[in-house]
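Here is the structure we will look at, set down as structure tokens.
As written, the chain order gives the labels A, B, C, D and E, with residue 1 at the start of each chain.
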């Protein structure tokens, strides 16, 4: 049974990816200016590995720094929001509004404000990372076992003690779930922010390639960014397994 | 009903005096407790017994300082519930074990030492608490082999025993237990009941215990407080004068069975009077 | 060092100066000359610490002084920006003729401007007022045309996704011809619409505070422009530099055609007595009138303040020759 | 108590929005090319109400049609995935990959493929709407009460009966939660896709405004899109209240 | 242990013959039931009684066709569990009420009519099921006023009564109930127990009932099947020969108390033999 399950888990996606591949190649053969042959994309990486590595490095660095800021401030705010109802009611509408705003549209303004350096890209990545973690952290930090909380309260445990010994560990599963969404958003945000204001990074690579109709390069950069996101999610999942062992 | 269990109410006693509690529920008001008066001497095993909603949990939470009373006063060996909680003088054993899943059983039962250190620095004279050796308690409750296990690796009954161990390790003079066995099946429940009886008879802390089960109440208690709901009142306090130490054998004795029947019929009588 | 120490100090004072290209590192006048000047070390020689960035929202970035210099489409763009409050000034204009036109496929059935009604026409960025004027002057309401914003791939025209395409005279028609297609060009100039192309803009406050930087930026740029015209090898060298900067498969042959087409447009439209980059109110005024006519500006544009002739005039001697080295 | 709570719920966000407003105005006064005075944005709507209404209409239509397709196919797939484990394992990796791909980067290719009409914009909106609803629908459709399911099975209820009478109603809370995320994504996707390939819609309005530093118009369009998203979420919430009455 | 409750095993009976069940759990194998043999005549109230994990639920699920047995056969009045389920001849009352929160109580208890209509079209002769009037059942179980309420508006005990009503309305000749009262408090439980007794004594369906409570088992049953765990076996079948109809009064009778004590000690005996 388990054997069959494992097999399925590998075969099923392969079949779908296979079908997608055939569809892709058909388009690449018949509508040349839409998709390049898949082999060309792979060849791209072989041709200029350092080029892709460099640009990935820039994007990834912005994404990770942005994630650190966005996720950090989201968790911090969530903590404060759990303790101060006022803050909760104050922040949520603003966070909601931020979440429904197309950040890409604001990225030019950020470049104007912060110049041609990593800052605007990091800000976009942070903003993108912020919301999913805020919501998850809030849920996680609020959803503590009521009876365990009673045990702490009956011992007159301080707020800090309740936080460190109950709230924080209880919220870890939610925090990791949020982090997975958040790091993907940060990566996508980082790529999209590079559509303007820089000539480095996967986003800039995509734009340049689009301008010059270099489809292989464009798709190579798109896939590279998608795969990197998956790897990042994988790393967070691994960290989760290491941390949450109960 | 005004029920007083002792003429004097010295420092060494628990005195519940005219305690009432109402909850606001939207526009509604729920009278959970009305004019409760009770006094217990130190070292008594008291059981609050009554149907669902009669305010057992509410009364217990007031004693633990988890809930404010609307009227009345409570003295726990001379301290208010808040003071007692601040000095870690009350051990709370909740309905579910409420162990922390990320800690080993041993760390879980040491919880009282990890938090509220200020209480540990109180002048020795003020301290009413004598923390117990965790390993001894684990052994007494049959958990010695599971000291380093995680809660998820234990059965429900073992988890519940760990929660009781956590209470004992705290060493507080007053232990409050809210239906600690209600999630367990009958046989496990019987076994753990006898364990509790055994350990308690060795150290004789003051215990206020809540249950729905008449045999459980009679087996464990010195006094059974029979309550009635809507609003929650003390209907009668029944003295359980069965000899101690008690053992499984007592379950078969006529005196025990009579006492159970008496408690049940008092409960039913309070319930019917109320309907 | 091709500059006096005093002037060098003045040029160094503002620190890094950022120039935004109008379109990546394309082989256009106003882009390739700057790339070449940078690579030739001419800015360094004039003590300007110049950084080239592929642009985006150039007007905004220069107005905010996030970048100090940029190339944009032409006087119209400059004046619309200023009308919206941009603190920019035009410092030089390359072509005195429109660089853009509408193209259609030959034999597509579009024979007159009237045939555009109901057709889909692609544009980049915004519908150029030159196009609107061309249609309106010929009795066709531009609103009856389905304008869509498009990218830079002209094959949407040959594939029939659009029936008309706003294009650079130097680029898309040439590219399509190279692929063997025949296109019809609808040049606003031919329909009597006077316009210009490629204006370099600067932040007003920056320009006023650092006039020598503006002058010497233009000086070095035009020096490189001349250098590229000197020999095909020089041009190829410049194209090579641009190719290295743009990471995306720069097609040098196409780019050479494009650049030469633009240089020809610039040279052919240069009014008598003016040198490269020089501009005048008379030259800008038709565009200002056009903007007003189409309600693309809220206030009547003041051409005299929208551009400044002082910087570019200062780099030529009386004979119209570039002064090099700098004073 | 309740009174104070309600007051707080109104006052707290107002305070934060007030602070944001002051910050905004400060920037508008001191860094003119980044933000316009807030009053100008409001004035924009007054000046050309029809212009904004028209463009909003286009964007909203694409967003709603895209939501209908994306959400519809997500629910349909989720249903199939609940019944066919093979499909579940096949689709999830593809959906994950799709989710981490910056859709904006693909929108030019979609325009090339589908032409200058509403289709590419609707596709982007659909893709954006797809993932959140897929995940939520899957969770919802799988998370049925085991004991209620036993009751159905003991009656030999058919799969269709179990689906219609148990799975579907049980999953409604999850479906609505997913729909809220999904409709926001569809709206943002619709706006972003209009950055290219059209001259109509809020996205196109933003791009045009950005090109000529028409900051009031740019921000008016951004706010309009954000507010519309909030209204859409509000409508879904209302529908939820009407449908889920237990 | 081979336990047979009747010499003959005609169509009108439930026959459980050499039933075993093992679960695969990763590399492990759990033997939940081993060689269970039981026969009950129609109209019997049977209770499966035993400690946690002895396989009560597993056996009940096998009867309902919810679980495949690993070995053995089951005949429910001549049908296999699968056939019986297909004909809606088995009513399943789960541990939690498992009502559908979006339906009114009345719609909930009519569930059996909404699903598997094919069974309703079976030839009348084959049909063993006589659906009951929902309003009558609701009235009998004291829920008449709540027919149009939603489950969320009911107390736990009322919800559980609704789940039982759902079973009765189905009118199946066999009703399976897995600890239907375990989530309720003692007093509510006693009340609902008496209700069930009352309703059952009027219609006398065959019932297989699971409980942890010895008094509950004795009060309700004709036969109590005492089981032991690890692996799950039938330890002994106890006949409860108390007269019917039974009422609350029986709870106080010596015969009742003796029977309870007997069942408990048989359970303990099986448990200890096993340890």
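Descriptive notes on the structure:
The definition used in the following text is that a contact is a pair of C-beta atoms (placed from the backbone, for glycine too) under 8 Å apart; a residue touches a chain by one contact, two chains touch by 3 or more.
It should be emphasised that the depicted structure is a prediction, and the values quoted were computed from it without experimental measurement.
The chains that touch both subunit A and subunit C are D.
Both subunit A and subunit D are touched by C. Across the assembly, the mean Cα position most removed from that of subunit E is the one of C. One simple way to say how far apart two chains are is to compare their mean CA positions; for subunit D and subunit E this gives 49 Å. Averaged C-alpha coordinates put the centre of subunit C at 87 Å from the centre of subunit E. Our note on geometry: subunit A versus subunit E, Cα centroid distance of 52 Å, whole angstroms.
A straight line joining the Cα centres of subunit B and subunit E is 35 Å long.
Looking at subunit D, one finds that residues 31, 33-34, 108, 112, 195, 210 touch two or more other chains. Annotation for subunit C: residues touching 2 or more other chains are 57, 60, 64, 151, 153, 155, 159. Residues of subunit E in contact with at least two other chains: none.
Pairwise chain contacts present here: A-B, A-C, A-D, B-E, C-D, D-E [touch as defined]. Only residues 33, 51, 55, 108-109, 111-116, 196-199, 204-205, 208-214, 217 of subunit A touch subunit C when the two sit together in their complex.
Those residues of subunit D that touch subunit A in the shared complex are 8-9, 12-13, 15-17, 20, 31, 33-35, 85-87, 89-94, 96-97, 99-102, 104-106, 108-109, 112-113, 184, 187-188, 191-192, 195, 203, 206, 210, 218, 221-222, 225-226, 229-230, 233. Against subunit A, in their complex, subunit B makes its touches with residues 61, 64-66, 85-86, 88, 90-92, 94-96, 98-102, 111-112, 114-116, 119, 150-152, 166, 170, 176. If you check the complex, the residues on subunit C that touch subunit D are 57, 59-60, 63-64, 77, 80-81, 84-87, 120, 122-123, 125-127, 146-151, 153, 155-156, 159, 161-162. Listed in rising order, the residues of subunit E touching subunit B in the complex are 51-52, 185-188, 212-214, 252, 257, 261, 267-268, 271.
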